[in-house]
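What follows is a group of structures, each given as structure tokens.
Next, two complexes with chain A in common: one pairs it with chain B, the other with chain C.
== the complex of A and B ==
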């Protein structure tokens, strides 16, 4: 059984919908840092954590709960890929 | 160890709260003396609810007629299993099942609930007369806060309702609440509530270590310690004293011995606000900042609060006691939708 493939577009939509900063004028790229903007706080990080865990049906281990792993769409893609790899082995 | 105090009593109706069976058309009457017991439990801060197999409207109308409907939060009256009714109540109240007591005249219902929720204590209906003498009720510490507890849940139900209907980002909703978060140095009159917070708070709790009021009184007057309490209000009302921080300063290093926030405030961002305050405070004084942390089954959210604030594990002992350190190079801003009052 395969894992659910990471969907960057769905994540981008989630971020845009849940965050005030990224209005229509701002382009949210895969490597845009969500946190250096200063607008994103740890509550939003919690929301991203919950979103990823629900969407990809996994539990992110304690040691991966840090801003670096949630700092961009790209970083989250990497995180989920790595966790799915671990689950396979 | 002291028995865990009860936080919620769930009542059956027919032949438990009242005598007779409502759907059979009986002229049901409240059990003798039960109204006083319900009101007394309420004044102790014990939440109460209903799990009854009945027609919802009929049962609620009857409770209204008896003038006691307001004492029951999220009454579950339906033909569903009582274990699922209690599951719903648990989710609404957000307190753990091992602080629930279920009272029902039917052994079948008690067994059904016990099978699904082994942590719940079940009592037979006749036992209600001695309920106030129950050891897990006698050991309750009544504070000013406990008397307000049911009211707070009702205010919160309003908040949640408005939140569900709100159109916009979660942050936009939080901005409509007009939250005022106050951080102040603990005073003698705060100590009973502070003790209670260390006992009752599980999810947003950094160590789970409980302190009694004598220990807290010591920290309050110790020159090496800072004991802070927090309260939160918004346009719906007051959440009361909902947070606590204990900081020890030694050799220019501040160590957060305990950080906790009542689960009433979950997803409001006030835990982070308190942490940001402690970070700014340490930085201003040129101190380092560390924090003790003990991972429990339930405090993942507090772990995330620290780690998302750039705290990193620097050591861990055999019993999984973690020491975090934060280099204070980047400190997030306070949430914009919270007005902060610092009274230290």
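== the complex of A and C ==
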């Protein structure tokens, strides 16, 4: 059985609905740093961890649980791709 | 009052709580805290490890069953329930979630069996809600880490064998698993408390405590971001159920008393203003339990919104506990102010829940942020008058 394909839009929606900014028009790009932009605070990182583990049915190993891997949609896409590839090999 | 569940551990907890714990809850509050033999029974019966993974000696019960178990123990004795909150939820579940395989093997079986009692060491004399401002520090060298500093208000700290300690170095926070046997660890039991008198609160001091690299929980610098926040999520889940527990116990006390006490020639339960207090309290208990059942089911379903809903539930049920315990004191009148009746203790214990695992005000900030986004409907503006 193949791995679930990474869904950037679903992740974007999850982040957007939990952002701490209330401007009507906020643009969240794939490479926007979620934490330095102030869109979310670091507390949200553990929610991203839970989200990714549940959504992609994998356990993110301890060595990958650092802010860098959760800092943008792009970074999380990379993380999940890498972990899925490791599982395949 | 607790619904039937398929898991036998919950029924066992209900029986233990009613038969053994509730009768000695006042004694635990006033005379030295949760006794060692009760701690061992909690371990032997499987309560301490109930929600922890089976692979490491736990019971692997669902979040829902763990919530029911927490309610059962908490309704009987809030001080004893504290052990579940800190040992099982804050530390045990966090190790299970974020620990290395070696850490899980090393600590979780010993925690399930009661050989090691764990506590959560975050708060300091000058760092409460502002947890990032902790001054307990660590230095790193070739052999690992050296920790210095003091923690305060540490539940079960006076009897703990294992401390989940948060320490900072130039703004980077690490989480460490520190054993009491480490040289330089000392504890001093706290006294003069309004509540949690039986929960072995302590000040914990770390003087040049050497910690091996393998005792670092989580990645370097991620101690607050991932470890503390994960722990507090589990802790809030536990406290949300603790609120239901105290509220339910207070309701039972007020109803039983109202059906016993006579004034103006009849039971006070027949006075309509007393009935109003009972009715309001009943609605509170039922709504608080509905909240908690919901967050438990969300957790079991791995719903990503469970974290925020748990914040909301914790905010709500901790207030409900205070409110219902307050009503119980009111119904009991003068006896509600007297230690001879449980209402007095429940009122004090309820008050704690609005302070620990994030104060009501910290919860309000998080819930408000959530609501400002979740309930924002820009299309409604079209209906505004020009």
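Here is the rule we use: the second predicted complex is superposed on the first by the 84 of 89 C-alpha atoms of A that agree within 3 Å, B and C clash if a C-alpha of one lies under 4 Å from a C-alpha of the other, contacts with A are read in each partner's own complex, and residues count from 1 in each chain.
Everything below uses one rule, namely that a contact is a pair of C-beta atoms (placed from the backbone, for glycine too) under 8 Å apart; a residue touches a chain by one contact, two chains touch by 3 or more.
Note that the coordinates shown come from a computational prediction; the quantities given were computed from them, not determined experimentally.
K.L.:
By the touch definition at the top of the document, which applies to A:51: first (chain B), second (chain C), both, or neither?
P.N.:
Once the two structures are laid over each other on A, A:51 reaches chain C alone.
K.L.:
Please indicate which partner A:82 is in contact with in the superposed arrangement: first for chain B, second for chain C, both, or neither.
P.N.:
neither
K.L.:
Under the stated touch criterion, which partner chain does A:13 make contact with: chain B (first), chain C (second), both, or neither?
P.N.:
Neither: A:13 stays clear of chain B and chain C.
K.L.:
Going by the contact rule set out at the top, does A:67 touch chain B (first), chain C (second), both, or neither?
P.N.:
In the superposed model, A:67 contacts both chain B and chain C.
K.L.:
With the two structures laid over each other on chain A, which partner does A:33 touch: chain B (first), chain C (second), both, or neither?
P.N.:
Neither partner.
K.L.:
Which parts of chain A are touched by chain B and by chain C alike?
P.N.:
17-20, 42-43, 45-47, 49, 62, 65-67
K.L.:
Of all residues in chain B, which touch chain A in the complex?
P.N.:
Per the touch definition, chain B meets chain A at residues 169-172, 267, 269, 272, 295, 300-301, 303-305, 307-310, 312, 332-333, 335.
K.L.:
Considering only the defined contacts, which chain C positions touch chain A in the complex?
P.N.:
Against chain A, chain C makes touches at 98-100, 218-219, 221-222, 224-226, 229-230, 233, 302, 304, 307-308, 366, 369-370, 372-374, 376, 378.
K.L.:
Within the complex, which stretch of chain A touches chain C?
P.N.:
My answer: residues 14, 17-20, 22, 24, 42-43, 45-47, 49-51, 54-55, 62-63, 65-67.
K.L.:
Spell out the part of chain A that touches chain B in their complex, as residue ranges.
P.N.:
Touch residues, chain A against chain B: 17-20, 38, 41-47, 49, 62, 65-67, 70.
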